[in-house]
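Two complexes, one shared chain (chain A), two partners (chain B, chain C).
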Partner chain A sequence: MTMSRKNLLLTYSLAVGVRYLFLHSDFQKDIVNRIEIQTPLNSFKRVVEGRYRMSLGIDPYESDSLHVPPLHLTFYTFLIDNFPNYLPYIFMLIDLLTGHCLYTFARRYMLKLYIKQEKNKHTYAEDALSQLLEGRDLYLPPQYALVVFLFNPYTIFNSAAMTTTTVNNLLLSLFFVGIIYDNLVISLAAMTLSTLQSFYPVIMIAPLYLTVYKRKESHLQACLTLFIYALSVIGIIYISGIIYNGYQFLDQTYGFILKVPDQQPNVGVFWYFFMEMFEHFRLLFLFSYQMNVTVLYFLPLTFKFREDPPLLAACFVTLIAIFKSYPSIGDFALSLALLPCWKHLYSCMQQVFISSVTIVITTALAPILWDLWIFWGTANANFFFGATLAFVTAHIFLVTDISFAYTKREYLLKYGNCRQINGKDAKLVLE
Partner chain B sequence: MGLLTDPSAGQGKLIKLLLKYYAKLCVLLYTVGIVYFCALASSQINSSTYFSENALLPGLVRSEFMDNTMAMNYFDELKHEMKKYDDSIPYPWLLAKFRQLGLDTYTHNFSLNYPLGASQKFTGKNVYAIIRAPRAASTEALVLSVPYRPPVSVHAPTASSIAIMLAFAKFAVKEKYWAKDIIFLVTEHEQLGMQAWLEAYHGVTCGKKDVLISGDMKGRAGSIQAAINLEIHEPEIGQIDIKIEGLNGQLPNLDLFNLSGKMALKEGLSLTFKNRLAKRLKSLWRDWIYAFQTMMSMVVTQATGVPNGNHGLFYRFGIQAVTLEGFSLPNPKSNRAGFYTIARILEGTFRSLNNLLERFHQSFFFYLLSATDRYISIGLYIPAICLLAATFMIKAYAKWCQLHNNNKTDEKQAGGDAKNQLSDDVVKELEMKHAALTQGDWEQKFEVESEKPPNDKHVGLGHVSLVYVLSHVVGFALRDLPKYMSHVGATYGYSTETSIYGTFAAVSLLGVLFPLCIRRKPAYKSMSFLNIIALLEVGTALICLAMYNISIAMFLAAIYAPATLLINPTRCGSCRIVQRVLWLMMHPFVVFNVCIAVFTFTAFPNDSLEEVFYRALGASRQAMVYSIVDSEIYGNWLYNMITMIFVSTWLCFYYVTFGKADPSEQIIKKKSD
Partner chain C sequence: MKILVYVLVIIHLVSCNKDSFTEELLLKPLYANKLYSHFQFTTKWDVDATSDSMFHTNLFPRAISEIVVRHNIQELHISLTAGLWRYETWGYPVVDAAPGAEVWAWFNPDTENVDKNWKELANSLSGLLCASLNFIDSTNSINPEISLRNSGVVQGQVNNTFLRYSSLPREIVCTENLTPWKKLLPCSSKAGIASLLNAGYIHNTQYHSVGIMFRPICADKACTRKAVELQQTVSLVYDYKMLGNRQWTLRRLFGQGIMNACPLAKESSIYVDLSNDDKFDLEPYPHEYITAYRGGYETTYAKYDIKRIKPMSIAASYEGKEIINVNIPPPLYASQYKTGFGQQNGGIITKLYNNHWADLNVVVLQNFPWYVPIYLHTMKIESNGNILQPTVLKYKPGKLREKAHYLEIGLRLPPKSTISISIDFDYVFLKWQEYPPDANHGFYIGSAIISAMLPLAKNYTGIPQDGSTIADSFNASRSGYLVQIRTETMIITLPTPDFSMPYNVICLACTVVALAFGPLHNITTKRLILKVTTKKKLSEKLKSFFKK
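The block that comes next holds the complex of A and B.
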């Protein structure tokens, strides 16, 4: 049963209504400029500034203000020039599109799960029936994903602040749609544009590879896809370089992401660490932190989740949001909205409640500690960092929980719920 | 990482234990939390204050102030001058005196558009003068302020403070060692003038726009590092009291409190906090009782979030400040301290502050005091509020596990014992069959499958979110509605107090009556879920509140934790009534009125009950108006927080009591029958 068209429309209009109300409320100005929402990387103010400098004939990448790649800058310039008065509404629309993509993705994903389950039912253990998906298990997750995305304060604040993360979320959700529908064009295009903007989605090559491989059963074709991807990224950078007379923008975009020169506080872990650390260790830790996002989980997770590329991609989205150099809550909005697709893993998960409560508390606490630190001068950086560290840790617990639950569910389906060996209670141990 | 990777952790035993004992655990946590908080006053647990900032070098210089007669002259002149100005500030005289001393002297005008009722406008004027630092470039400043109180004022007079201030200015202007500008500030209309001056100095507006119009300022000094506010009521005083509680429960750096205390003691004045001397009693019990009373009187003041002096408005701007209030004692012999002593205290304090190299940052900002020389740091009191907040969280977790467990058992029953081991032939056949299905066929099968009716009742998320959102809409409405109603009421000739109190009471009553009109009982699971959300919201709010204002957080936690523990949908009719009556008593409006009544009763113990009742009613009405005005002018968030969070969650909990009873409870009952 699809969510009836009426309900879907109602959800969208409610989402627009909430956003409209927020846009015209007293809090709007106080909230959108917060550092949890706007980072140097995704701030729209900087894009406006870059566009203005360009119109004056100055290279927008000359100073340290703009970190958006040329192709995206052209897109935003187009928006600003043609719809200067409707910008907030355009970002609202982008939000709705993202929500719809997630909904489409989740529905298709549930269908795939169902097909897989029906096909393999005879191989499951006899008492694993409680694990099987039926009725509402299949029907609810898409709706939850949609609602969680559209009505999450993170998303609302993010699009009200008109951050470039809003667009990146749309691209990533398009990528999800692409891989679930096996549509190479969409997924390649979305991934290319997303990588160009924020670099880290480069690790999405793993789910892309797996998707192509699962469909065509040929490593050659999968590699070819990655080759096309690399070619298009390099091609776009090359053309941008020709148009912009040089490659200074590389240092201001990817250099800015990788070298982390700006230590303005945000919800991530980079700023505090690089602020407190002795300068001569900087390179070492820069490498270890960046490897943490890109390489460390790349192979293990890819091998573990080779059967389920969407889950792999979702894990990567969360990990990127947690460990990227300039995270904002907009990144977490997407990763949280993907969670309902793994609702069936819930019974195998352990700390969902605790992690979610921690996320809620820290979300409320962080702005207060920021206020005490910056305005009242009574607290200090450690307070705020403590809150964001707990926030990030809760997300790590969440993503770890999901990956273990996936493994555990596979086990349960195969061997059943009964956990007794020779009549004694047995314990599951992961080795 | 065992916590993360152990696949069997949390499987059964712990959760079973939690489900069985969570109520007892909550009671235990609550009791421990409260007892621990009370015990904090004991000198066995808390520690004695010390100077953390080395640069202060308190009391290291020899005081040089001698000019007692000058201060006496100023005092006599001012008294004479004040007679000419019944209810305003004698600013020509003040300006003349400051100019005579050779200071940069300015006036600052401000006006207030009263935000409630019929529109009214008030104006006021502050006078301030600046000593420019001879040894630095006016980058930093200290403030000495006095609230001017005309003879008609209801507050104790402060004329002697102005005399001391002038005498001290006369002394200070000659000295060469000042590295920070000193601003002498005389404010009008108590906190209003102070707030306007601070806003004008920093060029910001803290409250609502166009309410307090702080105007512009002609002269400024550097960034203000610290401020001392003087409220010396008599020329001869016997003891000095240090006031610290500020807006929204903020406190000054403990070093500044220690500094002014130490200077007072150095000059041989008896020092009090909350009008209580630091006493060492031999009996442990009595010692604790005495300290506890001191601590609780601080808790009460801090909990209101209303500054108890002009110092309290500085904190928002990152400026540390205290008020020194001097009282004369009933016994004239003990009033030995005159202008001379107090000016020397000021001299010592300002010379120490002059040594500061950085803003105050060393010592504590979050503490409670149980005496002038004992403090309870944040590390000590945070566990208390965490224990209380944990009761909410643990109940929420237990409820969550209950919900989840119910789902599990249902599913298991539905599962049955179907054998799934099939022979190879059947498997092959199945695979053939599956291979024959096209994508379209699968989609159809999927549609059919997902349309199957659910085999058990799930949480009605739509219902829950509707109730949740509606109750918060009521909370938001209560934040703004009384203000508008006061304008409406004014056109019909009602007083502001009546219209605001009436609106609040009416909206609260509507909130109480509305669920009664709903015929169908909401499902148990939905209500359980609503209960969880509301518990989490209160728990989170308390933790956040504790960061700003531990006292209000403790107070709210102490009264709400036991009541929320009792809120559960039940079958038993009388339990339900008890629950609701108890919960009605917990309505923020009721709690507020009861608190005011208790205060009135303790303040006027000799009045008859009826008199106390009317007095309390009047006081409640006034207090409600004040809290709204405070939030409009000063940005005090107490009223907003109570309406937006506590009224809203109150409604959620109230709605929960209307839920159907726990089905598992019924099963157990049937079995026992």
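The block that comes next holds the complex of A and C.
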């Protein structure tokens, strides 16, 4: 049983209604310019500026105002030139598409989980019944995912600000659809475009590899897929270079992401850290931080979640949102919308309450502290930094909690709920 | 016999040095109880500026000729200014100058590395004038295409890649700049009009500006021989309120009367502008009255020839009641200000006022430092509510920490209109070591320069391009009168981090990273197993704790 067509339609029209109301409200302008939503990397104002400079015959990548790669700039330029009055509605549509992708993904994912469970049921421990999926888990989580995405204020603000993150979220959700339906073309295309825009999705090669390997049972085929991916990324960069007379855009897009030259505050931990960093340690910490988000968790998590590539991809999405150099709440919107898909892990999670309360509080507190610092001058940078620190910590707790819950559930399915060894009390420990 | 030869050679050398020095002072009462005094010292020298003969100086300051030859300079303009020239009430000055320090130079077209020469020139000037011009480098310099033209003679094509302009609005101008400047004069401040420049008096003025201009000129009308010219200027604006009353005398303005002329000067004169509605008598009686017609306006000057006088002080005595007129502003003036509140987004508005009855063509040059990233697409030019399209738009985007933003807008201002140019910018966040010691003092944005050729010479005192002395500006009607209006400088306070926090921030941020690394490391490298728990009583726990 899936969500009825009528309910789905109702959800979408409600989502459009909320967005429309917000778009025409008085505080729309104040909210969309906030640094929690707009970063130098995803700001649409900078895209407009880049397009304007191009129209004057100035190389948009000569300065450091534009950090969108040429292919995406062409797309946005097309949008601005042809539908200047409908831009907010286009971004609204992109949001709805993203929501629908997530819904499709979640439905298929829950179904796959259920099929797998029915197949392996005989291997599970007898008292693990409480861990099993029920029939309603097939249709509730997709609905939740859809609603959480479409009605999350993060998403609404993000699309109202017309950030490029909105498009990136669509690409990433398409990637999820691609890997769950084993559709190589969609997942490859989505991943390529997403990598081109924000670089970090490059680590999604792990879930892609696992998906292909699980389907084809061949390492060669999987490697070939990655090869095609690498080829298309390099190919597009090469062609962009030819069209834009040179490769200075590389420094303004990927160089900008990796070197973090702009210290504009955002919801991450990077900005204040590199603002206050001693100059001679900058390179060391830059490397450490970039490795932290790209390679550090890449192999361990891949091995751990080799049976569940979508979960791996979701963990990566959350870790990227947390540790990327210019995170915005739009990035977190996607990782939060994926949470309902892990409904089967909820019973093993321990810190959901603390994390969610912290997220809610910091989301409300950060803008206040920002205003106190920037507009009223009664607080300083430390206040806002504290809020972002707590916000990030809450998300870290969420992602580590999910990883641990996955491990625990695997254990419980296999060995059951028994907590005694030879009649003596025992407890579960990681060793 | 030998001595005679030497003497002949020396006489020959001296007579060959075809140089001349002129010293002038212009006193002009301004609207709203102000007195403008402009000192103009001009040294002309028939010499080829690129040759070694530049080093055999007589009246020309050797320090300048060394700088010119070493840095391959064609033309050099320096001004050090404190205060703002109020165009709206004061009219146009002889020399326009922006608040703070302003330098621009044209290099000879055979210069290989202009940026290197420019940097070295700034350092030399810094030493010469005791000003912080050494802060000038490629990050705060621009090379405008239209606004700053050569004022001297040029051979061949003009190429703006050999031009550099920079302004330091934060520069504070005081005696330490004036003293080395005075040493460049042939008589220093020991004799002549320059002896009036007493630091204790001139820095009490509302506006003071010290300027140096070096340029190549023609030695004769046909321009067959090259020559160089050095103009040294000091502009001061006194406020009668600060003087006590409006009965000014040289003694009250400068602390002393004039003793004599500089013996090396060819001409030495003081001019007093008498064309103010509020009449005053001069004591002693001037040597000559000059009536000058220029660009449709008549001006009367009283001239004192200092070569003919004994030590004296000029005194102006107003009779009767003070006449307060309605201020009639000059044809074109401008102002600039910042909009927005807080430290997130801001805007800059430049307002141009055209009081002329016809269209005026102007060029607005804006030089935004790299820490003011502007959004060009937000630029809006409005004139009395209508959108105005620029006739020319030149823009070179800046770059964080590397290059200033340069914007030049050509505009045709409608008659009797107020034009506002608005543009948005973002506040940038710098690394903590990039803030100056007094971080909350703020960061300066330099003046905009508005250049125009005015069709009439109302309120205009500038020296024509073909002239070099104040006397040359009398009866100098031309087809247009160049003004280069400087607007106010602005100050923005960039948001600052907590400077005492680096260790705390590094520790806290690293802790958060560790919070992710630790659990993920545990989960991915360890297995879940059941382990027997041995429950101890609290007393046993304490015992085992103390045993350790």
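Operating definition for what follows: the second predicted complex is superposed on the first by the 431 of 431 C-alpha atoms of A that agree within 3 Å, B and C clash if a C-alpha of one lies under 4 Å from a C-alpha of the other, contacts with A are read in each partner's own complex, and residues count from 1 in each chain.
Rule of thumb we're sticking to: a residue touches a chain if its C-beta (ideal position, glycine included) is under 8 Å from a C-beta of that chain, and two chains touch if they have at least 3 such contacts.
Computed from a predicted structure; not experimentally measured.
Participant: Chain A superposed: clash or fit between chain B and chain C?
Facilitator: Overlaying the two complexes on chain A (C-alpha atoms) leaves chain C and chain B fitting together cleanly.
Participant: Between chain C and chain B, which one touches more residues of chain A when both complexes sit on the common chain A?
Facilitator: C
Participant: Name the contact category of A:400: first (chain B only), second (chain C only), both, or neither.
Facilitator: Once the two structures are laid over each other on A, A:400 reaches both partners.
Participant: Considering only touches as defined above, state whether A:408 meets chain B (first), chain C (second), both or neither.
Facilitator: both
Participant: Quick one: classify A:269 as touching chain B (first), chain C (second), both or neither.
Facilitator: The answer is second: A:269 touches chain C but not chain B.
Participant: Contacts for A:381 in the overlay, against chain B (first) and chain C (second): which applies, first, second, both or neither?
Facilitator: A:381 sits against chain C, while chain B stays out of touch.
Participant: Go through the superposed model and pick first if A:217 touches only chain B, second if only chain C, both, or neither.
Facilitator: In the superposed model, A:217 contacts neither chain B nor chain C.
Participant: Closest Cα approach between chain B and chain C after superposing, in Å?
Facilitator: 5
Participant: Overlap the chain B and chain C contact sets on chain A and report the shared residues.
Facilitator: Chain A residues touching both partners: 375, 380, 397, 400, 404, 407-408, 427-430.
Participant: Please output the residues of chain B touching chain A within their complex, sorted ascending.
Facilitator: It comes out as residues 3-10, 250, 315-316, 318, 359, 361, 365-366, 393, 396-397, 400, 404, 408, 411-412, 415-422, 426-427, 430-431, 434, 442-443, 445-447, 449-455, 458, 536, 539-541, 543-544, 547-548.
Participant: Provide the residue numbers of chain A that touch chain B in the complex, in ascending order.
Facilitator: Per the stated touch rule, the residues are 1-2, 110-111, 114-115, 118-119, 121-122, 124-127, 129-130, 134-136, 138-139, 347, 350-351, 353-354, 357, 360-361, 364-365, 368-369, 372, 375-380, 397, 400-401, 404, 407-408, 427-430.
Participant: Can you check the complex and tell me which residues of chain C touch chain A?
Facilitator: Interface residues on the chain C side: 341-345, 373, 375-377, 393, 395-401, 405, 426, 428-433, 495-498, 501-502, 505-506, 508-509, 512-513, 515-517, 519-533, 535.
Participant: Hey, which residues of chain A end up touching chain C in the complex?
Facilitator: Touch list, chain A to chain C: 33, 35, 45, 48-49, 51-53, 56, 58, 62-65, 261-265, 269, 271-279, 289, 292, 296-297, 300-301, 303-304, 319, 322-323, 373-375, 380-382, 385, 389, 392-393, 396-397, 399-400, 403-404, 407-408, 411, 415, 419, 421, 424-431.
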